[in-house]
Every structure is written in C-alpha cells, then in structure tokens.
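Shared between the two complexes below is chain A, which has chain B as its partner in the first and chain C in the second.
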Partner chain A sequence: MNKSIFKITPCFEDIMPDEYKELVESDPFGKGLGVSQLGTYKELLEEHPLCAGCGLALSLRLILASLPNPEDTVIVGSTGCSALAFPQVALHNIHSVFGNQNAVASGLKRALKLRFPDKVKDVVVIAGDGATADIGLDMVMQSWFRCENITTIMLDNEAYANTGGQESGMSPQGTVLNMAPKGKKFPKISMPEIARESGCAYVAAISPAQPKRLEKMVRRAILTAREVGPSYVQIFSPCPTNYKFKPQEMVARIKQREKEGFFKSKEYITTEAQEYLAGLEEGKKDE
Partner chain B sequence: MDRVQRPVEASQLLFESERAPAFITGSEAVMEAIKRANVDMAIAYPITPQSESMHLIGDLYAKGYLKDYYRAENEFAVMAAIHGASLGGGRVFTATSGPGTLRAMEMFPVWAGSRQPIVCAFMCRGVSLPPSIQPENIEMGMLLDTGMLMLHAENVQDFFDMLLKAYLIAEKPDVHLPVGVFVDGFFVTHTRETVMLPPDDLKLLPYDPENSPVPVFDMETPPMRITRDPLLNKSNFISYAANASWHQEVLAAAERARKHLAQYLGGLLEVENPNAKIFIAASGTAVSQGREALKDLLDAGLDVGLIKIKSIRPFPVNELQEATKNAELIVVPEFNAGGWLAKEIKATLNENNRVVAGPRVFGGMTIPKELIISEIHNALNRQNQRL
Partner chain C sequence: MLESKYQVLVGPEGYLPPAAASMGVTLPEKGQALVEGSIVSEEEAIEKIAQKILEAKNPFLFPGPLLLWDWKEGVAEKAKAVKELADLAGTRIIPMPDYRPKYPMINPAVEINPNHPNLTIWHNKIDFCLFIGVHCHYANVALKIIRGGTDCYTIALCGEAGHEDAMISLRDVGLAQLASLTEAVARLKGVAGK
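Let's look at the complex of A and B:
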C-alpha cells in the first residue's frame, strides 16, 4: 500500500468517523509495531460485536497486531463468529461463503503475485474450527498439497459457535453440545499433525494466554508462507457463551485445559523453513 | 508463445480486422477466444463435455498466453478460487458442465454480489439421476436468478464471439457482473464448423481493475471498514435496507448491460420472418433445429417465423413483446425436461395461451425437426377446434 493515498482530504475531517481519523493519525502501517506496542497505536480492529470474554476476539486482536506487513496483507475469512468482527477490521478482508476460504485465498494469492511481481502481498486465512477442519477441510488440505503460498490460521473455539454451539470436529471427545446430545463420539481432530503431513512448512498451536509467543508464531507462519511453503497456526480460543463459563474466566480456562493436558502449544518446522527463518531472525538481530 | 500478440481496442479485434475461416470444434473455439482475450489465469476441473476445452486452455498456458493455470480439487473450489483471483484484480476464465455447475452453485450469487466480471463457459449436460453425460440444458433454468448475465450460443461461431464479447460486457464499469456463456454440450463442443476468426496476433486490452465499481482486494486503496453495520446478519432495519439495496443494484447493473449487449451482439434476440403469425422461439441449438423445421413449414405454405433468443439474462422482454405482438402461436422447443424458456416467455407475454411449452427433449436425444413441425400442427388443430 502506498501510504500517501491514505489521508483525509482537507475540509472533510469533520465528517470522517473518529476511528478513521485515529487510524490515519496513529496507524500501524509500515512501522514494524507488534504486540508489545499495543495501546500506543490505533488497533486494526475497532468496536467488534463479539461476546464479552470471547477468546476468538482476543486472538484476532493479537493476530492483527502480529502481522509483519499489515500494509500489504489481505485477509480471507469465512462464515462464523469472526465474520461479524471482520467488517470492523481496517485491512482488505474477504468474506465469501462458509468453508471455501482456502480456495479463495489460493486464487487471490496467485492473482496478487501476477499483478505485483516485485512486491510481497501476504494472504492470510483466518477462519473458525468448523470452517477449517469440517466443511472446508478438503480445500484447506488441497491448498497445502498444492504448496500455495498462504498462511491458514484457525480460531479454535471447539464448536460451531455462530450457529448456537453445535459439535465440531475440533470439540473434545465426550463433550455434550447441540447435535451431540449424548456427547461427542470421536476425538478432537489432529489438525497440526494433518498440516505437517500435508505439506505445511511451518505449523504451530498456541493460545492468546501467551501473547508474545502467539506473535512470534504468526510472524513465522506468514514469513514462511512467502518463500518456503504453506503454513498453519491453530489458536485455542475458548467460547464462554457456548461452553457456559464466565467471560472473565477465558484465560484461566486455557490454563486449566493446559494443566489437564488437553491443550499443548506446538511448533513443527521443516528444515528448509527453519533455515529460512534462522536467516531472517539472524538478520534482524544484526540490525 | 508461438505468436507475439498486440493488445488492441475491442472494436478492432471484433469488428474491423479481417477474419479468416477455420474448421474447428466448439472446444477449439473456446481456446481461440481465450487466446485473444488477454486472460491472466484459468482454473480447471475435468467433466464431460467441458474437459477438452480446458485441456486446450492448459496448452495456451504452457505456451505462455496465460500467466497461471491449475487443476483444482472440485468445482466449488474452482469457482471459489476464480472468485479470489478476480477479487485480486485478475482477468479469469473457467468452464464446467451439469453436475459441476450444481456442485459449485453456492458461488454464482457470490460472484454477482461481489460485482465480479468473471467469464465462465457452461457446456450444458444432464444432471443425475439417472446419470447422463448427454446434452441437456436444465442447469440454465437453475441459474436464472443467480444475478449473472447469461448468453446462450447456438453454434460454434456464436460460442467464439460470445466468449470474447462476454469480457467486454462483463467489464463495463456500469455492469461489472459475471457472464455465463452457455452451449448445449456435445452438439456445439464436439462438432466441427467453419468459423470466421480474427487474426490471433491481436488480443483485447488488459483488464484494468481500477475501473471496477468496487475496490479490488489488494491493499492498494485505503483500508476502510466495509460497513459499520455489516450487511451480514445483523437484525436491524438499516442492515436489511443496505442488503436489499445492494441486491437491487446488482439487478440494475444487469439492466444496464442491455445497451452493451445490443452494441456487441446486435440485439438480445434475432427474428426471421418478422411478420409471421406463427413463431418458433428458442435458444441454443434448439434454434438450429427450429430453423430446419422452418424451411419445411415455409415450403408447406405456412406463415412461420423464428425467434432466436441470445440473451437469457437480461431477458429480452420488450423485444419479445414487440416481435410477437401479432403472433397467434409461439412454439418453444427446448433441450430440457423443465421447460424454463417457455416459462420465461409465458411470464413475459400477454395472452400467453399463445405459447406452447414444447416440444421438450432430454436424456441426450436431438430434437428432430419433425417433432417441432408436429407440435405446430397439433397446436393449430387445437386452436381450430376452439374456434
């Protein structure tokens, strides 16, 4: 993005919404800001309508703060709770239909490569667990098989939250949810391992309880997707509304699940990605 | 690339340059059209009778005429990826048939709602069950209200011309909608015909996404919140109104395509024997069969004409009313069991008891001219009995 086009035409200041003026005045574009600087600049997500204590909302804020190049990042979302927040995100973001996000991202990334051969345009998919591991799984995996240069981020709230708390493939075995009245009969899908075996060069699982680590993983995933191959980050984002716990207990919930051994942070990196990332991270230290 | 191509104004490529004959199939005509359309990328998934054309598009890519091409995982994914590529500002092409169309169904209203100038060829065939790979165009009836423009080619020449012209119409800033170019599978895709082609060292000017009435998703324009009150499922009057007015604008954009269709196609329909009292009204290859019937009927001294409907969306409402204002009988032969064209015509005309919804042929058979002729005789007999 050329930042010189991103300003308010003189004499229109008074009719522009406040949050847009704030974005123009203290935007995060091209400044290399991150999670540590949150609160010192205008966040890319404004006034989202998600529930109090929504794990996904916190994850989304952290992801947006972690983007290595927000000024040249296009996001592809999917139907689900996060789709309610995306109209409030100050990046070009696409909502197509439920489950097709990785196919849309494949076409988008290829077109952007053709149109901007000398510029990096990051394409990042951010979608729910239902969108990623159930209805869209074939397109998610096929985009990995094809080695598309895209990053896939799953917001894992372990249910179809937007439609009222039904079982998803990512719900833990035994959980009683809508459409699983006797408890879920099969285990949570091993998406990180599926991603690793399906051609992802970088795979991580993390939660918003560790913001700095989440930032590092999101950055690594996006950088890897540019040069090496597809990448996948799964973010555990519990849902107080459908799992019926208090909004203020969201982070405690993650820690409890971690203690019980149900949630583990993971990172799988191919040798090629490791070398590439080491080169970049080395270069950064030199600066 | 076996040819260095020069981008030229559409009028030069389509109307002014000298054309030369080529004896080619419909699938080859698709290749010839896309070769001259300056397409950035195409995405394919095999299905009979579409496959051959998309193989040939693959050959174009291998020769350097297209910048990207791949075989995707299924038709829904194809149409989703084509949508993504177009949102990113590319000029795109794909094609499918029958079951592929139905598999991808959810994406077509998304193309129109996103105001994307996607061109897609539909090589129509039967949809299951019982299974049939044979020509039949019931899928057109299922796409009538997806918001895309729909052109129905009669023959290989039409197919070539309509595909190229589809890009021009689709990309007009006041239209900016997807265009489906439909043919009856096999009858057009797999038969050879002499087609007049413009030189292949000329191609259309590149697509300029900056002329799009909606922003391209490339982060080259200032980011703004798409809406404060999402068009999505918020339950309040403002979001309902925003959603409804967006839909109305899609429909209005299709209406604005009429003048461009008139310019490029020479009208939304064509009439032979305009003063006749009896008409055969058809689209696609049913027009060719109707024309055969017409010869015999004229020889037998009947006062018959032929209406070839080229644009199904937008539908030539006024033109059809005008063409049939003195008609006493309108027979509508079709290649499908549902009779969607006859329903469209009946919904368009006053005194629609003049319209006979048939003959209808499906399952793979051709429409013998005799069937059309006997439909007309039967209808005339019925009318005489009523008198």
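Let's look at the complex of A and C:
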C-alpha cells in the first residue's frame, strides 16, 4: 500500500465521516502494533453486523490486530458469517465463491509475487469451518499439497451458522442444531492433523480466550507462509446464536470445553519452520 | 443515428429500472452532454444543471473517492472548485468515501454508499444530487438505484465519457467545466435576485 495517498483532501476534512478521519489519524499501518496495544489505535474492523457475543467477531478483531504487515496483507474470505464483517474491514479483502477461497488465494499470491517481486505481500485466507473443512476441503488440501505460500485461518464455530444452523464436519459428535435435530452421527474432523500431514509447515489450534497466544500463532503462521510453506490456524469461535447460550458466556464456554478435554490448543511446526522462526524470534530479541 | 425514445426522467421508476444504455441511450461525443437521455451541447447541459440546482428544495453534492482523497496532483484544486460551487448554490455535501458494501451499517446522515444510495436520499429528503469523483462503474450502479427508488433528480459530472443513467451528465469534466457551471449558477441567481 502506498501510504502517501492515504490523506483526506483538505477542503473535505469537515465532511468526512469520523471513522475515516480516525483511521487516517491513528492507523496501525507500518507501526508494528499488536494485541497488547488494542484500544490505543483505530482498529481495522469497524462496527459490524455480527451477533452479540459472536466468537468469530472477537477472533477476527484479534487476527486483524495480530497481522505482522497489515498494510501489505490481502485477505481472502468466503461465504458465511465472517463475510458479513468483511465490508467493515479497512484492508484489501476479496470475497470468493463459497469453498473456492484457497484456490483464489493461491492465484493471488502467485500474481503478487510476479507483480511485486521485491515486496512482501501476505495472503491470508479467513473462512468458516464449513468453507474450510467441508465444501472447500478440496481447494484447501490441494493448496497445501502444492505448497502455496499462503496462510489459512479457520473460524471454527462448529456449524453452518450463516444458513441457520446445520451441522458441519467440525461440529462435535452428537451436536443437535436447528437443522440437525437428530444429532450429528460422526466425530469432529481432525483438521490440524490433516494440515500437518498435507504439507503445512506450521499448524496451530487456538481460541480468542488466549489473545496473546493467538497473536503469536497468527504471526508465526504468516511468517512461515512467506518463506517456508503453507500454514494453518484453527480458531475455536463459539456461536451463541446457533448453540443457544448467552452472548456474555462465549469465553466461559471455550474454557469449559477446554476443562472437559474437548478443546486443546496445539502447535505443530516442521523442523525447517522451527529453525526459520527461531532465527526471526532470536533477531527480535536482539533488537 | 437513431435517437432513443427512452427518457431518463426522475423516478421512482420502480424496482430494477433498465440501464439507459440497454434502452438505446448513447454516450455523448466530446463537447456534448446528455440531458434526460438526449444528446445536447455542453453549454446547454450546464445551463440546465444550474437551473435544476437552484429550483431544488434540498440539493446535495455527493463527491466520491477520486475527489475526497488527496491522491494525486490537481485533486485539491478540483475539490476547491466543487466546494465553491456548493457554497454559491447553497447545496450541502455528503461524501462517498469508498465503495465497500457496508450494510446495514451506514449512517445516512453523514455518508452515501453506492450499494444503497437510496437510504441517504430518503433519510435526508434529497430532491437533487450531483455525483462527482465517483468511479464510473459505481456511479452507474448508484444512479440506477436512485432512479429506481427515489424522486431525486440526478446529475453526473464525469471525468471520462459520461453516464447514461443520470438525468443530466457532462463528460471530460475538469476545472473549466466546473467554472462554467459556477458562473451559470451565479448568473441565474443574479437574474432571480433582480
């Protein structure tokens, strides 16, 4: 992004809506800010139409605050609840047809490498569990097999939330939803393990109940994708609307699932990625 | 050349009005302009815009991103000329800072979005609007929605080839055309004031 064009024409400063003025005055671009500084700068997610207590909304806020290079990041989204928030995101983002997100991201990353050979441009897929583990699984896994330099982030609300509550491959066995009245008959898909075996150099599972750890994982995933190979982060983001709990109980719900042993944060890193990340993280300590 | 019989008139024309181009309205050549679907001289169209602005009860200008963001040389100058026009004609200004399909989260009192421009027009009871600095593809979408669902008179001051879907459209608009329009408004105001 060329920040020199990010200026309001002087005689129109008085009529620009506040959100744009705030973004120009206290943007996070190029400043190396992160989750700890939330509240001190203008966030990249404006007012959004997601439900109160939506786990996905909190995860998205944290992901955006964790991007190592927001001004040169392009996000590829897919149909689903998160697609409703993307119009309020002040970053380049592309909406792809449901399930196609990793194919679109692969092409985009390759084009950006050709167009900007001397610049780092991060391509990050952010999509739902239905888009990632069910309908788009073909495109997701093929992009991993091909070792594309992209990061895939799944917002796992364990349902097809946007279409009124069908079970997804990521719903736990036995889950009863509005449109899964008889209960799900098979267990949750082990996506982190599938990712590890399919060529991802960095894999993590986390939730917004641990914001600092989430930040670290998102950064590691994106940095790994730049140099080593594809990366995958799965973020458990419970849905109060479809799982019928109170909005204020979202984080408690994650902790309860953790306590019961149904949700575990994890990290798989290949030796090559480990060495690469250690080098970067070591360098950072020296600064 | 066959002239289209279709007139681009103030709405509401109904849900999904046709694109004027599909009804045979063609874009003007250099030095010409469009008034309600017919090709006229640029001077005639400028005079008509000035009349319409002054007749309107609640006229607004809608500057788009090409004018709101100071992204290249010459923009600030053009913006100043637009502001002068607004001050003289007594119109208010509501910006269209970008084209994100913000929905349903816009504040129609302070912004207009090309994907549902009708919200801003209804909320502010706008009966005349002038688009300037809006990229052509989004101007086309917004102008059609306005004609379909509101009774607002639309003007498009275009830096490129003009817009069939506006009731009046100039093409190749630069500082010279803006100055002529401001001058026409001043002159008509003077006449009206006598």
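Annotations
Operating definition for what follows: the second predicted complex is superposed on the first by the 285 of 287 C-alpha atoms of A that agree within 3 Å, B and C clash if a C-alpha of one lies under 4 Å from a C-alpha of the other, contacts with A are read in each partner's own complex, and residues count from 1 in each chain.
Heads up, the rule we're going with is that a contact is a pair of C-beta atoms (placed from the backbone, for glycine too) under 8 Å apart; a residue touches a chain by one contact, two chains touch by 3 or more.
None of the values given here were measured: they were computed from a predicted structure.
After overlaying the two complexes on the shared chain, residue contacts for A:Thr9 are found with chain C alone; chain B is out of touch. Legend: residue contacts after superposition of the two complexes on their common chain; A:Met139 is shown touching chain B, with no touch to chain C. Judged by the touch definition given at the top, the superposed model places A:Pro87 against both chain B and chain C. Of the two partner chains, both chain B and chain C are touched by A:Pro17. Shared-chain residue A:Ala209: touches no atom of chain B or chain C.
Touch criterion met: A:Glu46 reaches chain B and chain C at once. By the document's definition of touching, neither partner reaches A:Met154: not chain B, not chain C. Here chain B and chain C are compared by how many residues of chain A each touches, and B touches more.
By the touch criterion defined above, A:Val125 lies against neither chain B nor chain C after alignment on the C-alpha atoms of chain A.
Comparing which residues of chain A touch chain B with which touch chain C, the overlap comprises 5-6, 17, 20, 46, 49, 87-88. Taken together, the chain C residues at the contact with chain A in this complex read 63, 67-72, 75-76, 79-80, 83, 93-95, 97, 100-105, 107, 110-111. Those residues of chain A that touch chain C in the shared complex are 5-12, 15-17, 20, 46-49, 87-88. Taken together, the chain A residues at the contact with chain B in this complex read 1-2, 5-6, 17, 19-20, 23, 46, 49, 71-74, 76, 83-84, 86-97, 100, 103-116, 121, 138-139, 142, 146.
The residues of chain B lying in touch with chain A in their complex are 40-41, 43, 67-68, 70, 72-74, 76-78, 80-90, 92, 106-107, 110, 209, 215, 217-228, 230-232, 234.
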